[in-house]
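Going by the order they are written in, the chains are A, B and C; count residues from 1 in each one.
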Amino acid sequence: MKLTAQEVEYVAHLARLEITPQEKEKFTAQLNDILLYIDKLNELDTKGVEPMSHAIGVTNAFREDNVVESIGTEKTLANAPDARGEFFRVPKVIE
Amino acid sequence: MEFDAVIGLEVHAQMLTDTKIFCNCSTKFGAAPNSHTCPVCLGMPGVLPVLNKKVVEYAMKMALATNCNINSTCEFARKNYFYPDLPKGYQISQYAYPLAEHGYVELEVNGGKKKIGITRIHMEEDAGKLLHDEHNPVSYVDLNRTGVPLIEIVSEPDIRSSEEAADYLKRLHEILVYLEICDGNMEEGSFRCDANVSIRPKGQKEFGTRTELKNMNSFRNVQRALEYEIKRQQYIVENGGAIVQETRLWDDAQGATNSMRGKEEAHDYRYFPDPDLVPVIVDAAWIDKIRADMPELPQAKRERFISEYQISAYDAGVLTADKALAQYYEEVVAICAKPKQAANWLMGDVMKFLNEDKKTIRDCPIAAASLAEMINLIDAGTISGKMAKDIAEEMYRSGKKPQQVIAEKGMVQITDEAALAKTISSIIDANPQQLADYRAGKEKLFGYFVGQAMKATQGKANPQIVNDLLKKMLAGK
Amino acid sequence: MELYQSTIHELQDKIKEGKTTATEITCSVLQRIDAVEEKVHSYIRVLKEEALAAATDADKEIKKGNIKPLSGIPVALKDIVCTKGVPTTCGSHILHNFIPPYDATVVEKLRAAGAIFIGKANMDEFAMGSSTETSYFGPTRNPWDLERIPGGSSGGSAAAVAADECIASIGSDTGGSIRQPAALCGIVGMKPTYGRVSRFGLIAFASSLDQIGPFTKDVEDCAIMMNVLAGYDPKESTSVNVENPDYHQFVGRDIQGWKVGIPKEYFVEGIDPEVKAAIEESIKAMEKCGAQSVEISLPHTQYCLAVYYIIAPAEASSNLARYDGVKYGFRAAGGDLLDMYKKTRMQGFGAEVKRRIMIGTYALSAGYYDAYYKKASQVRALIKKDFEEAFKKCDVILTPTTPTPAFKIGEKTDNPLQMYLSDIFTISTNLAGIPGISLPCGFTKSGLPIGVQFLAGHFQEGKLIQVASAYERKAQVEKRRPGL
C-alpha cells in the first residue's frame, strides 16, 4: 500500500506547505517509509495496552479563576508582520 | 408524500468564568481589540495551557442539570486546522473522552412530555474574531475571544419540528442562565446554535441525508431557518432530486439558507490527545459537592409553584422565566401568604413599570417586603384595590414603603359608614333627576352614583360600603 | 588557568573569596568569544552589552554580600528558550525576528540565581536534527575538529561549553539533543526526568518528549545547575510536583555495591571500535568503584525508532501549525490567505522541518490515528515498562551515548546500522521519560571525544549525579582542551 502523488499533495495542503515537484517526489518516498515503521509496530500485539500519552501520570492540573492583567494591545501586536490600528491584518480568502 | 423532519442541535455556550479556559486573561465582553490577550492565548512560541478549574465545575453543573453521566476521566484533544482567528493552528477541545454523555432535556409537547436526548457535553476554547474589510481584500483579527471557555452541548437527532427545536433551545437556555454559568446572550454570541436537519418519508426508519445550518443568531431565526430548510428539502425530494450533504448559511435578510459549498471544504481535523494537558479525573465526591451547590432548576420550580401556590401553569411559566423574579415572588408570598394576589400584582403592575423602564426585577425599587405589605393592606381593607394601583406606582417611583406613601398621600380608605352615608346623602340631594330616573328603572345610573361618591371621596371610599349604602339609600330614602 | 576555562564551582569559590568579580569573569568569556567564535559559531546572538550590564549589577549585589548560586556565571541559552526582549529564533527563518514579551520559566530561575546570559546558542532548526547543520544561521563546528559537527540539536550550547565560550549552558533534548552533543563535544550533558524541569517558554518540538537540561564542564557543575533548573511550575500542566533534592549532596558519594545494567540490545554490531573500547573501559571503571555490572534486557529496543518517528513528527506537525505568518515571525508577501500560509511556511521552514511536518501530518490524517499514533503510543507504554522492569535489577544503566565520534560536516553516514544505533541509544530515554546523563569517557586516537551514558529511573537524577561523579573520580579521563 503505497502513497500516491495525490495523497502527498493532500498532506501538503493539510499542512499548508507549498512543495516543488522534486519535493513531492522526495516526500512521497519519505512518507512511504512510515509505512515500514507501521509494519514494524504491527509485529507487536498491543491488545489491552493503554496508550501512553504522558510519561508521568499527572492528572487534574488546574488553576484558579483569577484575572491577571493582560500584556496589552501594544505588546500583543509588537511582533505582528502586519498590523493596522488595534488589529492583526491578513489577506482575505479569495473564493 | 408526507415527511418527517429529523433535527439535531449543537449549542455552544460561553461560560461566565472571570478568566479564559487556559490562561488568566479576562473574559469580559466588549474590551478594546487585542487587549485581553497574553502569550498563552496568543499562541506564542513556547507557551502552555493550564485548565481553569471553574470551567470544569460549570460544565459539571450543566451535565447534572441535563441528567448526563459525568465520565470519571476525560481528556482534551487538539482539533487541527488553519484560520487567522485560531492562533495555535489548533483548537483545544474534547474528542474521544468528553466530560459528560447520555443526558436529556424534557419538553412539554401536546400536553405531554417528550425527552430530547443529549449525546454529549464537552469543554473547549473559543476562537478569536475576524472582521472583513468591505473594500479591500483584507481581514482584521481580534484575538480577545480566543480561549474564552465554551461548552458544546450536542443533542441526539430527536427533534421533529422547528417548534420543538425552539422549545429545546429555550429549555437549554433557561437552564444555563439559572445555573449562572452562561448569560445566554445570542446577539453577543455567548449562546450559539448550529443545526443538523434531514427529512424522511413518514414511517421510514433510516435517516435522510442531512445538511448543517449555521449563522442563526436568535431563537426565531433558528425556527425560521429550520422551517425554510425542511420545505426546501421536501421540495427537492418531491421533485425527484437528492439532498446534497453540505453546510448552509442562514441569510436573515433573504429568509433563506444558502450553500457554503465551494467556500468551505471538508476538514480533516487530525484529532489527537493534547500532550500539553493531563486527564481530568472527576470522582463521586466532587460530583456530590457540585450537586449540593445546584439551584432548583426551572422545570422543577415551575412544577412546585403550580402545586404549592396553586397558580396556573401560565403564571408559573412567567414567574420562573427569570430566576430572580421567581425568588422575588417567593419572598413576597413568604410574607403575605397570598400567592394568587402576589402573582397578579407582580405579573401585572410591577412588570409593566419595569418593562416601561427596560429594567429587570433586580433593579426593582419596590422591595419584596413592601409589595407583600401592600397586599396585606388591601386584604385588611385599609386600602382598596384601585387605590393600591396608585400606591404601587408611587412605591415604584420613590422606593418608599406602602405605609409611608399612604401617610404622605392621605390615602387611607374611608370605611366610616356614618361619614359615607352623609356624603352619599349630599350626592343624592344634589342629583334629583338621576334619582328619579333610577327609581323609574334606569338601573345603569347606579354606576353614576358610585362614580360621584368616589369623586367626592377622592377615590378613598371603600367601594363595598359605598355599594351597600347606595343600594339602601337609593331604594328607600 | 584563564577565568573562562573555569568551572562554576571554581568561580563560586573565587567570588566568595573576593578573588574575582562578575565583570572580570564576563570580560574573560567575552574575550574568548572574540577569539574563537568566528571559527566555532556557537552563537546566533552574543549578548555583549546585556551581559556586561548584568555583570555590573551582579558585582553590586556581590559586594553587599548577596551571593547567589550562579552570581557572575556566564551561561549560554539554546535559542529555543524564550528570553524577554531578546530575539529568540529557534534556529529558523520563520522566527528570525521574533522578540518574546516573556521569559521561559528556566530563564526566570537562572536569572533569579544570578546567572549572566552571555548569548543565544545555535541549534538545528526547531530542534529537528542531530548535527546543528539545519540551522538557518549556518552550522556550528565541533571545537575539537572544526571540520566536524558538534552534534545536535543543541550543538551551539555544547560547543560553547567545550570551547569555553561560556561556563555552562542550557539545551533541550527530545531524542538525544543534549546527550549526543555532550558526547561529541567532550562535556557533561543531562536530560532530566520528563516533568522535572519546566517546559514553559521552551519552543515546542514534541511536547511529550521535550525536556530542558544543562551542559557543564563537570559533574559537580551539573548538580549546581540542576538545583537551579529543577522544580514544579504551575504554568505547565505536565510539570510534576515532586520533591527536589539538593543534587550537590550526591557529588562525591561512592557507589559501592551498586548494580550497573548493561542492556544487551545496545551492544551489537555497528559501534565504532574505539567507542566500544572506551565503553568497555568505563564498565571496568564501574567495577573498580565497587559496582557490579549485570546484563539486562530492554526487549522493545528495536521498536523505539518506529515509535519515535511517528509520535515526534505527529506532535511537531501540530506544534508548528502556529507559524503561519499571522501573529509573529516571517510572512511571505503577496497573494490571498491561502497563498500567504503556503508561501510563508514554504519559505520560512527548512527542508528537515518540512519533512517532519509532512510525516506528522500524514500520521494524524483521517483514518490513520488508530493505526499510527495510537499504536505507537501503546508500544511506547511497553518501552517504558522495559525500563521499569530493568531498574528492578539495577541501579543505573550504562550505554554508549553515540555509536561513533563526530562525523564530518556535510557527510551523513551511509551506514544504516550506525544511523539506527545513533538514534537508539538516546531515543528510548525520551520515550520512557526517564533521566539520562552523558559524560566524557575518553578520546579517539585522532583526539575526538567519546561519551558514556548513564540512565536511571524516573526522578532518580540524584543516582545519575552519584554514579557520574564516582565515574569521573575513578576513570580520571584526561582533561584536555580543544586546540582552538
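Here is the rule we go by: a contact is a pair of C-beta atoms (placed from the backbone, for glycine too) under 8 Å apart; a residue touches a chain by one contact, two chains touch by 3 or more.
In this text, all values refer to a predicted model and were calculated from it rather than measured experimentally.
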Between B-C and A-C, the pair with more C-beta contacts: A-C
Chain with minimal offset from the mean of all protein Cα atoms: A
Whole-Å gap separating subunit A and subunit B, where each centre is the average of the chain's CA atoms: 41
Geometric centre distance via CA averages, subunit C-subunit A, whole Å: 24
Centre-of-Cα separation between subunit C and subunit B, whole angstrom: 57
Shared-contact residues (touching 2 or more other chains) in subunit C: 98, 101-102, 208, 234, 237-238, 321, 324, 326-328, 336-337, 341, 361, 365
Residues of subunit B whose C-beta touches two or more other chains: 39, 42, 50-51, 82, 84, 137, 139, 141, 143, 268, 270, 275, 277-278
Touching two or more other chains - residues of subunit A: 14, 16, 53-54, 58, 61, 63, 71, 88, 90-92, 94
Parts of subunit A lying in touch with subunit C, wherever the complex brings them together: 3, 8, 10-12, 14-19, 23, 26-27, 30-31, 34, 37-38, 40-44, 46, 49-56, 58, 61, 63, 71, 75, 78-82, 88, 90-94
Sites on subunit A touched by subunit B in the complex: 14, 16, 53-54, 58-68, 70-73, 76-77, 84-92, 94-95
In the complex, subunit B residues that touch subunit A: 17-19, 24-26, 32-39, 42, 50-54, 56, 75, 82, 84, 131-133, 137-143, 262-263, 268, 270, 273, 275, 277-281
Subunit B - residues contacting subunit C, complex: 39, 42-51, 78, 80, 82, 84, 87-90, 137, 139, 141, 143, 268, 270-272, 275-278
Footprint of subunit B on subunit C - complex, ascending: 81-82, 88, 90, 95, 98, 100-102, 104, 199-204, 206-208, 234-238, 314-315, 318, 320-322, 324, 326-328, 336-337, 341, 361, 364-366, 369, 373
